[in-house]
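Every chain is named by a letter (A, B, C, D, E and F) in the order it is written, and numbering of its residues begins at 1.
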Amino acid sequence: MSFNSVSEFLAMGGHGLYVWLSYGLGAGVIVANLILPKLSRNRLLAEQKRRLRREETA
Amino acid sequence: MSEPLLKVSQLYCERDDRVLFSHLDFALSAGEIVQIEGQNGSGKTTLLRILCGLSRNYEGEILWRGEPVQDVREQFCREMLYFGHQAGVKAVLTPEENLRWYAALQPNIAVADIQAALERVGLRGYEDVPCHSLSAGQNRRVSLARLYLSRAPLWILDEPFTAIDKQGVAAKEKLLLEHARRGGSVILTTHHELGIEGPVRKINLDQLAGTSA
Amino acid sequence: MSEPLLKVSQLYCERDDRVLFSHLDFALSAGEIVQIEGQNGSGKTTLLRILCGLSRNYEGEILWRGEPVQDVREQFCREMLYFGHQAGVKAVLTPEENLRWYAALQPNIAVADIQAALERVGLRGYEDVPCHSLSAGQNRRVSLARLYLSRAPLWILDEPFTAIDKQGVAAKEKLLLEHARRGGSVILTTHHELGIEGPVRKINLDQLAGTSA
Amino acid sequence: MSTGTNPENMQKVSALALFMATMRREFLLSFRRKSDLANPLIFFLMVATLFPLGVSPEPGFLAQLAPGVVWVAALLATLLSMDALFRSDYEDGSLEQLLLSPQPLFVAVLAKVSAHWCMTGLALTVMAPLLAVMLFLPAEGMPGLMLSLLLGTPTLSLVGAIGAALTVGLKKGGVLISLLVLPLYIPVLIFGSSAVQAAVTGLPLGGYLALLGALLALALALAPLAIAAALRISISS
Amino acid sequence: MSTGTNPENMQKVSALALFMATMRREFLLSFRRKSDLANPLIFFLMVATLFPLGVSPEPGFLAQLAPGVVWVAALLATLLSMDALFRSDYEDGSLEQLLLSPQPLFVAVLAKVSAHWCMTGLALTVMAPLLAVMLFLPAEGMPGLMLSLLLGTPTLSLVGAIGAALTVGLKKGGVLISLLVLPLYIPVLIFGSSAVQAAVTGLPLGGYLALLGALLALALALAPLAIAAALRISISS
Amino acid sequence: MADKKWLPRWFFQLASPRWCYQITGRLLPWFLLATLILLAGGTVWSLLFAPADYQQGNSFRIIYLHVPSAILAQSAYMLMAVAGAIGLIWKMKMADMVLKSAAPIGASMAVLALATGAIWGKPTWGSWWVWDARLTSMLILLFLYLGIMALNSAIENESTAAQASAVLALVGVVNIPIIKYSVEWWNTLHQPATFKLTEKPAMPPDMWLPLLVMVIGFYCFFAVSLMQRLRNEIIWRERRASWVRELLNKQ
């Protein structure tokens, strides 16, 4: 463990802003890349199911 | 001439989830004229673009003199003339300059015939006028002059008579008939009632549209 | 209705030193259909563009309801519909969006009628398809839908039937006739034999071409 | 047919409707192909990257260049996108319909130019800080940069549209338009980059901004009429 | 019909004829409207005038800028003219006819690009000394400038044509093409401006010129094929 | 088909979207699990346990994001080029889909590399951006990505779009070494190496081990995201096929 306290951990030796900004960005990019395909999959499936139903009735 | 020039089997094409045609089969022999019929949007242009090799958006097989057309591409291009919705005429060039370039594209066209061809489409006196100063119909005529130059056996014509006046249409119909008599063959679309008496066969796309399933 | 809607006197136009027409006189009353005839390049499009005010390359006088047309420009534009060689259809917009903008241009068109107009030109089901995915004829139909929306008494139509299939042409001819019956009037060019029985008058430009001297 | 009760008023209403409809159409046209929207911005960014590559990557030197380069880049990005403003309308015949409308032409024209500005000038202004950082513009210059772009780019769009209207009937107007328009852009460029330089050195920049504002007012008053007249001339040939 | 005596040879002759005919047509098209011919040059000139106006009129400073600015201007002038290369052929249907010709497509493509280069790159090279004087480039830099432009601009035309071919089917390709092509232009820009800088400072510039030549050889070998493939793809949709 | 004998069987199975859909469906959960474990573990390790750099202090921890994203941005482009070549030569639909799906992930990695680099630059170099060779070539790589994505979205027809992007990706990949080389030379010529990136220092293992974990984690993440997008693309393109219909009906 390189840190002795939570506040020290958050401060990152004065570089807290930079480190946390980077990790925040990294987390954002990764989560977005995992969530967005999932969302578009749901949308796609719903759309296609609707289309199938429409074609069955037509 | 037992083998047909062009043979299409099980051609299928869809666009935007709508089947334009499926199970389309036909053969075209020398001396035949085939008119593709159908309502607006039934897929006539799409079919012609597939046949001449501009579009690859299809399934099925197209044979040229018995061989798959993609294998004999160059040979096919040499023996085919395509006339599309757009005339392929450069507005700042004169009719003659336009045709000269076209002659360079098709090696078996003789440059010496250009004058005669322009005269036959009624553009005598306009050889030196840039095409942007010609009317809509005259522009189409520049491109139609290619029919008088061509020695290709197969003509694929997409609404060749658009914007052409009555005398012009009659002359072109006669030309098609002559071409067929000489052993050439023609595939064309037109919304106009053909005045040709002879070997015209019709293919109607409206009946070939599959269900969209 | 003693006064003609449109009165043209001593119209003269030349292009590139060639006289297209001279001493052209005619009057158009309510309920009349006038077909401008002529060979390719005889000056039909040029005449229509002069009449609707797009071109000022002429000599002579054009009166709208008895007044020089340039003095009553706005009034004239309000009561006139022009359909040119190009359809005025944006390729990335859907038919409906195209017509909506057109409705904004012409204040006396009701947006509510657009759906019905599209249905009448046979584009039902294509309201949401961008126009670049429509065929040549379907694109023309989008623009023709304006005829069903318009309340203008004067229609100026330059080859409105280009690329339209047979049923479509028949429907449009009926529409022209109806428009004339309601007291509207039409000036049109077409190389196609009009199937309208009624008040069609023909003006042939080939006879009006002056000597090129 | 529908002359209404108060024709004067009716007309204003329908002109407003035309303005809104035209704006809406232009935005639709751009949003349909999302890439169109991003492209002027990316171009802006790339012109700015060419300079360090072509000239020198040294921060001190670049900082001196920055105000001028950002402004030249904005100017070129606007200029490049200008040619398309009326051309597609001309080619598909919509422009004829616009000219034959009974509505005042300058309203539709103003709407088209406004939409164009929102999608280039405004967007460029929002992007400018990124560029400024890449070119090491001192932080003090930032407000001057943003303000001058905000006031200057609408003038660029308006003036550019005159050139676009004059060349619309010609094929390959793309380069001719720059020829016509660039000389008119020069005052904007000079005041704009001077404003940024003044901001960097801590001088007052109110004067330059006032000048840019005056140019904008003048352009707003005159350009729509000039554009409308130019369009009529180009078409009636 | 005319299979001739030696088909192999015949083919070569007719391909050469196509090359010449296409060159001739392109020149005709440009000369018909004389303004087209002058436009890239005037644009080139104007970008170079914007700099003294936007950045600083000081000779010493400008001399430092000059190599980079001349190269950036040449690059942008080429880029601007690129979009028109295939577009008008696409719109009037000539491109379809070209694709349906039995002749090898890359020959016609090479002819078009060569004609384009003669009317932009070559012309820019000839104009460059004027620009160099306007930007106070030291006289020692001149041969480097001319040679590097002569070797570099053909590569720009060839690579730009790939972008033009990829975007030809799209409306408003104008800005997209810069996005596609600019990153690929960067090596040419770097070597080109470095060559000029080397010439100014009296360093040997053979290395840079060799590199530019190598890039040109690579582009000449690969680009025509890529352009031909891209054209077929763009049309076949 | 005779000329394709030398290719292994799985290569042709790859060509079948259905087979791909099924196999990715089976692989996806495992890769997701690996991603979560590796990234979570790696993050904790790198933030809490890895030692601070004696020069840069704790800002050094940014390396654990910066380097994996930079590596991934480059690998993704290579993958796209390979897929583009396969798609153009063998007309394989799956390759087209891989190309299209990889582009946004690669672009976002390039953005992340640039952003973390810029953030890191501020404390170390005192400036957000420096025209250094590595940085510049990463920026150009981002432009290449954006170009491919813009081209892909500008062409409506799917197969045209795929082929056009493939050509562009290949042209780009020919240029990448040239760009890298030219940019490196340019920089060393103009600017003395004031801000040279620290060439791989002899890091102690407790510094580079977490980095290794993160890199592997990023690759797994890339695989997961790619497979997700790929599956969407497969369903969209095969929406008319009967197996997709059954699949939709089952759910």
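As a working rule, contacts are C-beta pairs under 8 Å (C-beta built on N, C-alpha and C of every residue); 3 or more make two chains touch, one makes a residue touch a chain.
Please read these numbers as outputs of a predicted model, since none were measured by experiment.
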- [ ] Skim through the chains and flag the pair connected by the most C-beta pairs in contact.
- [x] D-E
Open item on the list: So, comparing C-alpha centroids, which chain is the farthest one from chain F?
Closed with: C
- [ ] Please state whether the interface between chain D and chain E is built from the same residues or different ones, using more than half shared residue numbers as the mark of same.
- [x] same
Task: Rounded Å distance between chain A and chain F, as computed from the means of their C-alpha atoms - done: 17
- [ ] Starting from the mean Cα coordinates of chain D and chain E, work out the distance between those two points in Å.
- [x] 28
Task: chain C-chain F separation of Cα centroids, rounded to whole Å - done: 57
Task: Rounded Å distance between chain B and chain F, as computed from the means of their C-alpha atoms - done: 47
Open item on the list: Multi-chain contacts only, two chains or more: what residues does chain B have there?
Closed with: 56-57, 85, 91-92
Open item on the list: At least two partner chains per residue is the criterion; list those residues in chain E.
Closed with: 33, 88, 91, 170-171, 176, 179, 182-183, 186, 190, 236-237
TODO: Find every residue in chain A that makes contact with two or more other chains and list them.
DONE: none
TODO: Using the touch rule from the top, collect the residues of chain B that touch chain F in their complex.
DONE: 14, 17, 56-57
Open item on the list: For a test of understanding, state which residues of chain B touch chain C in their complex under the given definition.
Closed with: 15-16, 38-45, 85, 122, 126, 129, 133-138, 140-141, 159, 162-169, 191-192
TODO: Enumerate the contact residues on chain A facing chain F in the complex.
DONE: 1-3, 9, 12-16, 18-19, 21-23, 25-26, 29-30, 32-34, 37-38, 40-41, 44-45, 48-49, 51-52
- [ ] Using the touch definition up top, name the residues of chain E that touch chain B in the complex.
- [x] 1-2, 10, 14, 17-18, 20-22, 25, 28-29, 32-33, 88, 91-94, 96-103, 108, 235-237
Task: In the complex with chain F, residue positions of chain D that touch it - done: 33-36, 38-39, 42, 46, 49, 52-53, 56-59, 62, 133-134, 136
